[in-house]
Amino acid sequence: MITRRLALAAASFAAMIYAGAAAAQTPVTIGAIEILTGPNNKYGIAIKNGFDLALDEVNKAGGVLGAPLAIAYEDSAGNKDQALNAARQLIGGKKVPLILGPTLSNEMFAVGPIAVERKIPIVGTSTTANGITAIGPYVFRTSLPEADVVPVTLRTAKEKLGVKKVAVMYGNDDAFTKSGYDVMKAALEKLGIETLTTETFGGKDTDFSAQLTKIKSLNPDAIVVSALVEAGAGILLAKKALGIPDSVRVIGGNGLNSPQVPTVAREAADGTLVGSPWFIDKPDAANQKFVAAYKAKYNMDPDQFAAQAYDTLFIVAQAIKDAGAANPEKIRDALGKVKHNGVMGPFSFTPDRDPADTSGVVVIEMKGGKFQIFK
Amino acid sequence: MSAPRLEIDALTVRFGGLAAVDDVSFAVASGTVHGLIGPNGAGKTTMFNLISGLVPPSAGAIRLDGERIDALPSWGRARRGLARTFQNIRMFQDMSALETVMTGMHSRLDESLPAALLRMGGFRKAENEALAKAWELLAFVGLADAAHRRSGDLPYGDQRRLEIARALALEPRLLLLDEPAAGMNPSETLALEALLEKLKAQGLTILLVEHDMHFVMRLCDEITVLNFGRKISEGAPHMVRADPVVVEAYLGAKVARSLEAPQ
Amino acid sequence: MLAQQLVNGLVVGSIYALFALGFTLMFGVLGVINLTYGFYLSIGAFLALFATQHGVSIWLALPFAALACGAIAVVVDGLLLTPLRRAKAPELASLMVTLGATLLLYSLANAALSTDIRRFPPSVIDGSAIDLLGVRVTLTQCLIVGSAGALVAALLWLMNGSRLGMGLRALAERPDTAALMGVNAGALVRLVSMISGGLAGACGVLIGLNYNAIQPYMGEVMMLKGFAVIILGGLGDIRGALVAGLIIGLLETLTAGYVASSVKDAVGFALLVLTLWIRPSGLFGRIAVKRA
Amino acid sequence: MPEFIDDFLFTYQTLVYSLGINGLLALSMYVVLALGQLSLGQAAFMGMGAYVSALLTVKIGAPFLLVLLAAMLVPALAALIVGAPTLRLSGVYLALATIGLGEVQRIFFLNSELTGGALGLSGIPMKGGLVSIYGSLGLALVAFIFVARSKIGRAMEAMREDELAAGALGVDLPAYKLAALVVSAMLAGLAGALNAHVTSFISPEDYGFHAAVSILSYALLGGIGSPFAPVLGAFILTLLPEVLRSLADFRGVVNGAIIVLVVIFMPRGLMTWRMGRIGASTRRPS
């Protein structure tokens, strides 16, 4: 009897000590659906790393609504059905007031309508395809769509390098690279740059010699490429092997904006131009702090997916604070008004829930295995 | 005179360069039991495969009741009334004996897909009649008690008889039996012989390959002898067993004498 | 441009042929479509990669990877296909079991190796191209074309000109009776697995050297091409595999160069379906197609 | 409706639909396996049904029943074209030809403007639901049970056990093989159409080789002794990654291992019960 009373007393004492401290409160849990396993898990894991890093900082600074913020992760494995199940689990089971993700635009096209149906805000951090926010009034995205980045890159190339005629190559079996191509095509037309030929390839292809031999014979000023790292590196290597001169630059979409490109393509990657909503060597203090913290925690360089995720979590945390309650409707309204200055630059949403500010876009160039700002 | 039930006309088949059956002709008259004998590798089973359509001929013709069947696939020949058993029994292991026999009625059974799907009256009638006939056939070969047993579990001799029942279910005009007595003990062989005698009495035409010469000589009306893919002799049993060419190539003097001795 | 495209096609075609050789040999002798075959290609590339990363010369790493893949192929055959052979399982059972094994092995490799693309250290081989009358070729490309020709010649000799070949052909034609003829069937099955696995492994190393794209799934992509090559060449036909590989490689390259790169990948499968309709026994038609 | 029931239905809606759709897919595999053939084109047939139905709904707003019908007919036609040349060849050829079909179709979807390329088709209205999915599954099950207990079912089992003997008994082997493939393509097409109308988004990658292998694993795990068995297999393999989330990490490993182990050690699958093949009382007449 005595021991029991003692235990009770100890417990209430402990509770008193922690009262008021965020750590003892029931956390405010938001959901996240990312590709944590399977062939594309590197994107999902970078994103999760970005979230977790920001989460630590948010909670160190007192969390939200007097409680810690927590993220319930669900793995989509890149599978549409599993992403759907995950979303339903988060909304109907765990009752989260907001969902982060999913990783791929394809998954968002499947999951978005469900979030809209249940009036739960859903925030994509890496979904760059056209039409994402058109799914419905609860679908937000923080990633700059390719449509905002690619024209900047191409305009810069036209102005600084005098590019007048180009050859275009894109991976036609992937939603990301295909929609990147759609944007490139529109931007090229708008800028009055002539397209000599458009060649396609598959994301798992390794041989690009046929397409590049044809391109070589057409003498373009540059080659515009929408590809992910794997095919992109292969194209750069084959371009070099076929003797296409270095003065013919490869201008890439977001897919080539990866530190992995030079690890495979090495010196063949030099001269590659890409536009990026974020850049690891951006000199501002916020970015340098993020990069250092990321390296310290994960022992690797962050990529733009991690950076976008990192910023997004602060934006979402701010919206929850502004909403004053973990209520989906209020959070949605608050999200639309959030202004944040993060590692990507100044951020706010347009009325259509897309990122409003493109001033953070930088055009970068590969030199000696590292990206640097293109001048 | 009407056409023979089965007519083999200058039939030849080559595997690679080798002629497994070489320009063989013979006829099986309606209502008779006809034996096909010869040493191992003489081409007997190949001849059966040619007749039943498992092997396409290189040259020659096969006629069933005067109608050419050599271009038909095996199931087309089965529909025209050609049934067979196999040297190494081919059972549908998981089926019950009853189901096995009903499978043999496949081409005689009028069950359309819609009728089966809607379980129409015609379907029920056909299925019930088939079932009744299957019981009769099982009783006929002496397997009624094993009707519900898994056919793969039946003893060897029963499987042989079940295979014959399955072939009979096809209501054949011509029954091909490939070594029906192989592997049977003497009493099983006798039972089989009685069964075949009954079929013969019913007027069924049978062509059989068999190594048990006593069995063949007693049962057959006519015998054709093959050696190295060629026909070397034919005629009534007493004539064939006296033919020196046959004795030399296949029977051997001792067996030939034993066959002549009254049993 | 045409000359360069023909060279491109020759290289791609030689790769297809190299890959299909072991695949078709497995089918020709063992009578199974072994879908794990593509996996040996991935593993071969990775083994050679790890070896060269530890300073081993590529000329040592290549045979090492080939031998190791051969050994893995022997183990896989022994674990999966031998029990089925013993149980006289239907022919499609072996296709299904290797299908499952393929999924299993790739998933494991993916978990262990990650899908990040990797390359050989640049010092391993001189990757620069030389210019021959306007046509650019690399040392690796010469190596690929040369080894495709040499290996086909060696395999044809093995099958048709050697005592061992007689045993292999006996095993292919009459698996049940081969044993009666004094053929040690088990040993021959292991030998064929060893050769095939080794060919796939070596092919993986060469692809890795040529394209610098090493990834667990690299074998799966080749496998899809492999189907088209072995059907067009005739299942089990070694000479057919070489010719069909070259035909598909050249046609793909010319299609991409002169028609449209988007339909390049359809070439192989169009030929596959066409072959089935017109000439199921393949280009040379020597292989007796097993009829139902 | 009480909120918790509503939440429950919402949470598990995709799963419940997937169970039914995968059950249909397993049955589509069963028809082919039941007579000893192997098709690796089930995912392709499914994709064909999905795309045809989605286009008809989105572009011209055709009535749902008509859409479903078209989603069955188009794959049936494809099955005829791919299946016909392989019927007289060994089963390996059909398996390889159907893999080829899947690839050709994928290339077509990727390059056609109509199908939206790699971006796929989004915004497909939700027209399917519990009734259409489980109604189709129920109808298909009943039909297969009736067919199994008739001369057709007997012929199919005979073909699987011994094709040669079945042919010698008068079973028209090519006709049966082709019919089975066509029916199988129709069912897969139906499943694809229903799936497209409950997930609102489809893209070419949903119908690749991995999907084909998953469908095969449903039928292999369940078995083919009766039409219930493959459906059971589909249910188990659909629920497994949901119940054992930790297993989801190794889904490929689990699916692959199941196929290997079942084929070698349990060739009859989990549900070994074999349904009778006679459509009448088999009692011995007195």
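As written, the chains take the letters A, B, C and D, and residue 1 is the first residue of each chain.
Following the convention adopted for this analysis, a contact is a pair of C-beta atoms (placed from the backbone, for glycine too) under 8 Å apart; a residue touches a chain by one contact, two chains touch by 3 or more.
Values in this document were obtained by computation on a predicted structure and should not be read as measured data.
Between chain A and chain D, the least number of touch steps comes to 1.
Considering every other chain in turn, none proves to be in contact with both chain B and chain D. If each chain is reduced to the average of its C-alpha atoms, the one that sits nearest the average of all protein C-alpha atoms is D. If you compare C-D with A-C, the chain pair joined by more contacting C-beta pairs is C-D. Ranked by how far their CA centres sit from the centre of chain B, the chains are topped by A.
Mean C-alpha positions place chain C and chain D at a centre distance of 31 Å. Rounded to whole angstrom units, the spacing between the C-alpha centres of chain A and chain C is 39.
Centroids of chain A and chain B (each the mean of its C-alpha atoms) stand 74 Å apart.
With centres taken as mean Cα positions, chain C sits 47 Å from chain B. The residues of chain D that reach two or more other chains are 110-111, 167, 173, 249, 251, listed in rising order.
Shown for chain B are the residues that touch two or more other chains, of which there are none.
Shared interface positions of chain A, defined as residues touching 2 or more other chains, are 172, 200. Listed by label, the pairs of touching chains are A-C, A-D, B-D, C-D.
Per the touch definition, chain D reaches chain C in the complex via residues 36-38, 40, 82, 85-93, 95-97, 99-101, 103-104, 107-108, 110-111, 163, 167, 173-174, 209-210, 213, 216-217, 220, 249-253, 255-260, 262-264, 267. Here chain D touches chain A in the complex through residues 7-8, 10-15, 18, 106, 110-111, 117-120, 122, 199-201, 203-206, 241-242, 245, 248-249, 251, going by the rule given at the top.
The touching residues of chain B, when paired with chain D in their complex, are 52-54, 73-75, 78-79, 83-84, 86, 90-96, 98-99, 102-107, 109, 111, 113, 116-117, 119, 123-124, 127-128, 130-132, 135, 144, 147-148, 166-167, 170. Of all residues in chain D, those touching chain B in their complex are 143, 146-147, 150-152, 154-155, 157-158, 161-162, 164-173, 274, 276-282, 284-285. Put simply, chain C touches chain A in their complex at residues 1, 4-5, 8-9, 11-12, 110, 114-119, 122, 127, 129, 131, 136, 138, 207, 211-213, 215, 217-218, 221, 252-258, 260-262, 264-265.
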